[in-house]
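Two complexes are shown next, each including chain A; its partner changes from chain B in the first to chain C in the second.
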Partner chain A sequence: MKNIFIIFTSILSIIYAQNGLEIATMVDNREVPKDIISKTTMLLTNRKEKTRNSTILSKSSNNGSKQILWFLAPSDDKGVAFLKIEHDNKSDEMRMWLPAFKKVRRISSSKKGDSFMGSDLSYEDMTSRSLEENRYKRLEDETLDGKDCFVLEVLPNDDIKSTYSKHITWIDKGSLIAVKEESYDLGGGLRKKKKFFFESISGYDVINKIFVEDIQKNHTTTLTMEDIKVDSGLDQSLFQEKNLKRLPSN
Partner chain B sequence: MISRFKKFAVQQSIYHPKRTLIISLFITLIMATGLNHFVIEDDMMKMIPKTVKTRIVWEEVKDEFGNTELVFVAFGNDSIDLFNSGPLADLWDFTTQLELLPEVEDVRSLTNLNKMENDDGFLLIDDLVASRDLSQQQIQEIKDYLNRNDDISKRVISSKDNFFNVIVIPDKNIADRDAVAKIVETADSLLNNYSVHFGGPSYLIGVVGDLVRDDALFLIRIGLLFMVIILLASLRTFAGVIMVLLVIILSLVGMMGSMGWIRGLTGSDRFAFSIMNTSMPIILMTIANSDSVHFLTKFFKKLRLSGDKKIAIEQSIDSLMLPIFLTSLTTAVAFLSLIFAPIEYMTGYGVSIAIGICWAWILSVTLLPSLIMLKEWPLNSKAVIKPSFLEKLVKKTGFKIVKIPRTILISSLLIVSVGVYGIKLITTEVNMISFFSKGNKVRNSLEFLDDKMLGSMDLEFLINGDLKDPILLEQISQLQDYLEKNPYVSTSVSIADIIKQMHRTVMDDNPDFEVIPKDQKKVNNLYTMYSMSGDPEDLSSLVDYEYSKALLTAILKNHSTEQSVKFVNEIDDYVEQNFTKYNNIIPTGQLVVLKDMVDLVIKSSVISIVVSIVVISLIASFFFRHFGWGFFGVIPLSAAVILNFGFMGLLGIHLNHVTALLSSVIIGVGVDFAIHYISQYRRLANQELAISKRTTSVIDEVGYPIVLDALSNMAFAALLFSEFIPLKHMGGLMVFAMVSTSFGTLTILACTLELISHKKTWMNSLLGR
Partner chain C sequence: MILKRLLFIMICPFIFGQLSINGAIKPMIMFNISDQDQMNLPFRFAQLRMGYTIGDFDLLINSALEHRWGENQSSNFILREAYATWFPSWGEIKFGRQIHAWGVADGNNPTDNLNPYDFYYMFMQGADRKIGSLSLSVISYWNNWQLEGVIIPSHVSNRLPFNEPEFPFQIPIEPTEYEDRDNSLEYGLQLKTVIGETDIGISYFDGYDRSFSLLGIDTFNIIQVSPKFGYRSTSAIGLNMVTFIKDFTIRVESALFNTINDYEAKWYNYLDAKADYVQYVIQVEYRMKSSNTIGAQIIGNNVLKASGNTLDLPNMYMTTLNTNNFVPGMGTPFAMISNKSLLVIGSNRFFDDDLELNYNLLFNMENPGQLFGLSLEYLLSDDWFINVSASYFIGNNDPINRFEQLEDYSNTQFQLSYTF
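So, the complex of A and B:
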């Protein structure tokens, strides 16, 4: 059914020259798994080629709006856990378990530009873009790594407190997944380059690798998701503070 | 070879004066085109050899933690309360504009500070100032937060809330000069309603170069004017003075142009013009002036005797070719010895001056006689007929010396021995506040920053070790407490502060927990928590990626280099006694590196002086065919060097990268005087002039040009009117160098030779009989 939908939308896109907003709407409406479990390796590399490596067990639902993470490695971080619940009308709720203190602490970073878990992805990068908060302009289509892509220029509305002035996004026409994005800072300079890779799991196109390069800081992040499981029926009660303290066995 | 060149010079100047003039101008013009490649370098740090340990550490710190050299901008008014929407909006705009500048790496001000708070178990790391336009309630919340966090408050606002402090970190790849210009421009455009003060090492480096150069150029021109007046009063010929001036100017253009050409052709930074090179034009002017004055006075003397211009020129060339060649050769070699100096930049200094000296020599013996040839000299003019007042005075001095040589020599040596004592009192000062006189605008700003804000100097410590180990973090915290006990230290910042603050925040804002946790796992958790809730970049200026290096920065009020060195030594002792597990703590920062640089400048000067004395002695020995002449040749020079540094010590004139190089003037001029004296002495002795008449005749012949040369060079006393203290010192030292070199030649050398002349065996040996 989903494949038929994708083929259908692809054909539509070829037949009808959609405008930017229509393409963004198609992407927004793309069918995604109800929940995802993965073991994520995060490799951070700074300008001097020094690296930091972490392994995280991640469970998320509602397209990532609810997420619980447990640090498995390095040993310094093992046991630290993090719960994030996004809200539409108020600040996101974030809690962190600090095993050495035996305390759960609610943390906040209302600064959209702040880094998420020390990576080159900011909270703004991690949050789905609302269609109403941006303007979309379709640019000339391109072929990227053999994939036919829509190219969109995304401009945050003036009343939105964004850390970016614009994004250029390459969207694979087949999967309707953004495969590449360039984000520009408020001064108009290129800030980040992002690349997304995906695989088909249980009929879904699921991102399994993200590469982000912060051009200005000369810093990169590679997130590699392994052992991906989708639609495993995660109980919504998992996303509670008490579950942070116990590292799940699976 | 000398006699062939002598013949050539006579031929060219007497028979082809116009051609010689045109060729001289043409060659100078070609050299002048090198000015297109002339580069001014203000970054003094680049001058320090890359192998010097403090520079290695400093580079390592910059590479790891970004630029650590700061520009402080304080703005406000005595009668204003800055906790109002207008001033806060202005601060917001100023900070934002600075952040957008490509020349700026980072800005730290109240409006881009993070706050870390615990609100009912809720850890919040957020902007302290949420937006440009604030409500009264938001302003009160900011004020309350700063009241609770005094350490943070004093970094961003004065104690009376009437001046904001903005710390700007220029991009490390941009010259301080360019970055400072942009910062000042931004402040001028946005803060014109406030009183604005600037400071900090980068600011000083950014402005000092231009200010000193502009002031020096202006005063050098004034000095040149005085020189013209003195020469005119003594030579009493306007045309003659113009000729001297032309030789000086063409030599200068030749030197600067050559420097540009070499810089352009080799791309070597060693041939960039820095603040250290400020003394170059003055040194060459004195040398070129010396060559020309000697030639012109000799010409008038010969013209007076012969009454024939051609004969006078020929005799002057014949008499002065060797001494001028020798003085130029020895001085050029002395400056070339700077190639061996530990500061690579001195290569450009030495080579360029050497080229200038050679060009001045060629012009003095070709262009100058040609110009003289082209001019009609009325034989009844005062310049030709009558000796000047100065000439008569010098002649009288000659008679005195012959009468009491022993007394004069002993008195002179006593004065020199006072100089030896004074050398021990010399101090080094590299703090640039000492460059500015009281009342100077820059100094006022620096003093304001000291009195009302944190100060504007910084001292960094690179700390190596496991930065997750509570023992090391505790030691850093204790070191900060120790530093802050020093009255000059206003505040200090390190990763230990962040860990302590986070610990307190996690422990429900209980002040008892504002300490380093004892358990390493807790430290690990705090680091992880920060990476989850704040921007890890915030920590990058404090701790490296692998948590193996940290930077402790102390902000200090201005103090002397001597106090700084003492303080650093005390810290070394403290670290040795208290840092048991980790002791790899290295002080760094511009002040520490600059101190090393001045030490190197001094080392370079000492090497230059020693090599010069040896080389000059050898050259003089070779050309005068006896080691004795080599020895006598360097007596006035050595006495003048001792007197110069002794004088500096006695009068409290500090050694810095400008004054330390002034010894070069002494080398340049001192050796000239001695060689002219010895050359004339030998000439007269070889002509079998009676011993009783030798000294008076030599002084009669060379004493006047020596004194006139010294006196005209004293015109650079105009530098005494500079508002920059090193330039003032340079002016004073120029006068002193002229007095000491001429004094050394006409008293110590003259008396020594007078006394020796009566020892027949010694004199015969010296004269090769």
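So, the complex of A and C:
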């Protein structure tokens, strides 16, 4: 009994002693699926409550550092596909297949603030956040929707040319998944509010819904992931230009 | 029993494969700016695209219904593409009537000479202005390398608007026949790779001009003159590149053409034309903070050397072919309008992205001439769009100036689109 008490208090002291970087490292080291396949519905809602719906098939690997997306709907966008490969030592590679032009178009990854297909998610929002490229400060813990959360202030390093000045991120202590985030523009104004929802699939906590609100534009995006499959053994050769041109049969 | 078999054959594709059908209905009306008269040029009223996927195979049929309003109202079904693709692990093999797209610049591609152009749609973008041709294409991918080979068994020429008073360029002669070739096989090769953050590609194409030329004249006597029309043999070596400098994307594309009249010299007057010319496009694009884009292209056509004979058409006498009177029969259609032009393209979105404004300004850098193009597209719902556009050309009162010829083509267009 005494031993259990000592272990418990040690864990508590470790938790309370953790600084921002250590929490971010824990989040970074969280066990994630090798790959994820999902069918995503993207609902865009503007300030007049007018909506636009898209359906996307997504396949990603290496914690999202390699991702390929195919638009299935609306009919006007059907067949448009997007490939992203993040590199450690050079700029990320982004290519789009535009069926109407019959061309794979290389696009710039430097404009991280660009909206992805009219949504409130920018390419930066869709890119994995590298541990070394940010500074982390732990704020007062909070309870959010009944979940005990770490609260981190994430400050992008100057050299990465982020479109944000900082993020405040709420991380569920149980799953080590970010459940809420507020992102601030370079002027320090609140730009986006994001909420993340997750479910347990094959022993992993996997995000199944993302809600993004662009405060400045009064525009929202809701991404709902369905038919989520993890560890399907995706072949790395999938993340090649040639696979953009063809909607996968599964 | 036969009925059961037939039913099984009909049902099979739906069980084992995946059928997809999509398309658009796009009624459009076009008015001349100068006199507000309706212009009755043909346009694609409806498009239908059917795809069928089974295993590593795809079948695609891309068709359109071309319609013309007015007194000569008519509709034509056009099979734009019909081809099969096999996707082996190393690449893709496509065979059938298809449209290829080479090059890295947007819209104007000197290296993209595999398909002829439909000049009725010359102001459209991308594959919309091309004509499909029967060909075999093999693409092999190996790490960052991509090698493509295309074989076109039989030459196909541009679709030119003859006897079309509302079309901007009047073609003075409509040949009644073209000189045959025993073999009009064409082929192209393209190699692409990534070096650092730069995409680089080289290409080679060997084929025949897409626009016709006068090759010779048979003179039986002073009254009976028989002009001979056909397509010169032309090869093109291409180079293209995409790179990024800070927030700018640079796309460069260039092709060196070598053309020759290689028909047998069997006529009384044989026009032994021979020329080298280069076409290039330098495109710079910049995405602004608000996701709006602006880009510029410098489009150039430079005849390096030309030799042989040609016919001075207005005066009907033989003259020496030189860099001033040589007319290219292949390459980007914009090179027909000007030897050096600056095109500025931009887009902005308004009203929560419901309204998209696209604009393009074309300046002739050698002679007076401008084009101002504006297009507004409003999103009514996920599937319905309304588009209003205007193109306005300004020339310089010189009848041989292309922009002067285009002035009467200045128009406004109203289009409703439904996609399914």
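Convention: the second predicted complex is superposed on the first by the 230 of 250 C-alpha atoms of A that agree within 3 Å, B and C clash if a C-alpha of one lies under 4 Å from a C-alpha of the other, contacts with A are read in each partner's own complex, and residues count from 1 in each chain.
The rule we apply is simple: a contact is a pair of C-beta atoms (placed from the backbone, for glycine too) under 8 Å apart; a residue touches a chain by one contact, two chains touch by 3 or more.
As the structure is a computational prediction, the values presented were derived from the model and not from experiment.
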{"item": "Fit or clash - chain C, chain B, common chain A", "value": "clash"}
{"item": "Partner chain in contact with A:G187 - chain B first, chain C second, else both or neither", "value": "first"}
{"item": "First (chain B), second (chain C), both or neither touched by A:I201", "value": "neither"}
{"item": "Partner chain(s) touched by A:L238 [first = chain B, second = chain C, both, neither]", "value": "neither"}
{"item": "Partner chain in contact with A:K50 - chain B first, chain C second, else both or neither", "value": "both"}
{"item": "First (chain B), second (chain C), both or neither touched by A:V80", "value": "first"}
{"item": "First (chain B), second (chain C), both or neither touched by A:L144", "value": "neither"}
{"item": "Larger contact residue set on chain A - chain B or chain C", "value": "C"}
{"item": "Touched partner set for A:S249, first chain B, second chain C, both or neither", "value": "second"}
{"item": "Touching partner for A:G118 - first (chain B), second (chain C), both, neither", "value": "both"}
{"item": "Partner chain in contact with A:I168 - chain B first, chain C second, else both or neither", "value": "neither"}
{"item": "Segment of chain C intruding into chain B (one of 8-16, 188-196, 260-268 or 350-358)", "value": "350-358"}
{"item": "Contacts on chain A seen with chain B and repeated with chain C across the two complexes", "value": "46, 48, 50, 52, 76, 98, 100-101, 103, 106-111, 113-115, 118, 217"}
{"item": "Residue numbers on chain A that touch chain B, as the complex places them", "value": "46, 48, 50, 52, 71, 76-77, 80, 82, 94, 96, 98-101, 103, 105-111, 113-115, 117-118, 187, 217"}
{"item": "Complex contact set, residues of chain C against chain A", "value": "18, 20, 22, 24, 53, 58, 85, 87, 89, 91-92, 99-101, 104, 125-128, 139, 141, 146, 194, 196-197, 199, 242, 244, 246-247, 249, 287, 289, 291, 352-354, 379, 382-383, 385, 419-420"}
{"item": "Residue ranges of chain B touching chain A (in the complex, touch as defined)", "value": "63-64, 100, 121-127, 468, 506-507, 517, 519, 521-522, 524-525, 527-529, 531-537, 544-546"}
{"item": "Residues of chain A that touch chain C when the two form their complex", "value": "46-48, 50, 52-53, 74-76, 78, 90-91, 93, 98, 100-103, 106-111, 113-115, 118, 217, 219, 237, 240-242, 245-247, 249"}
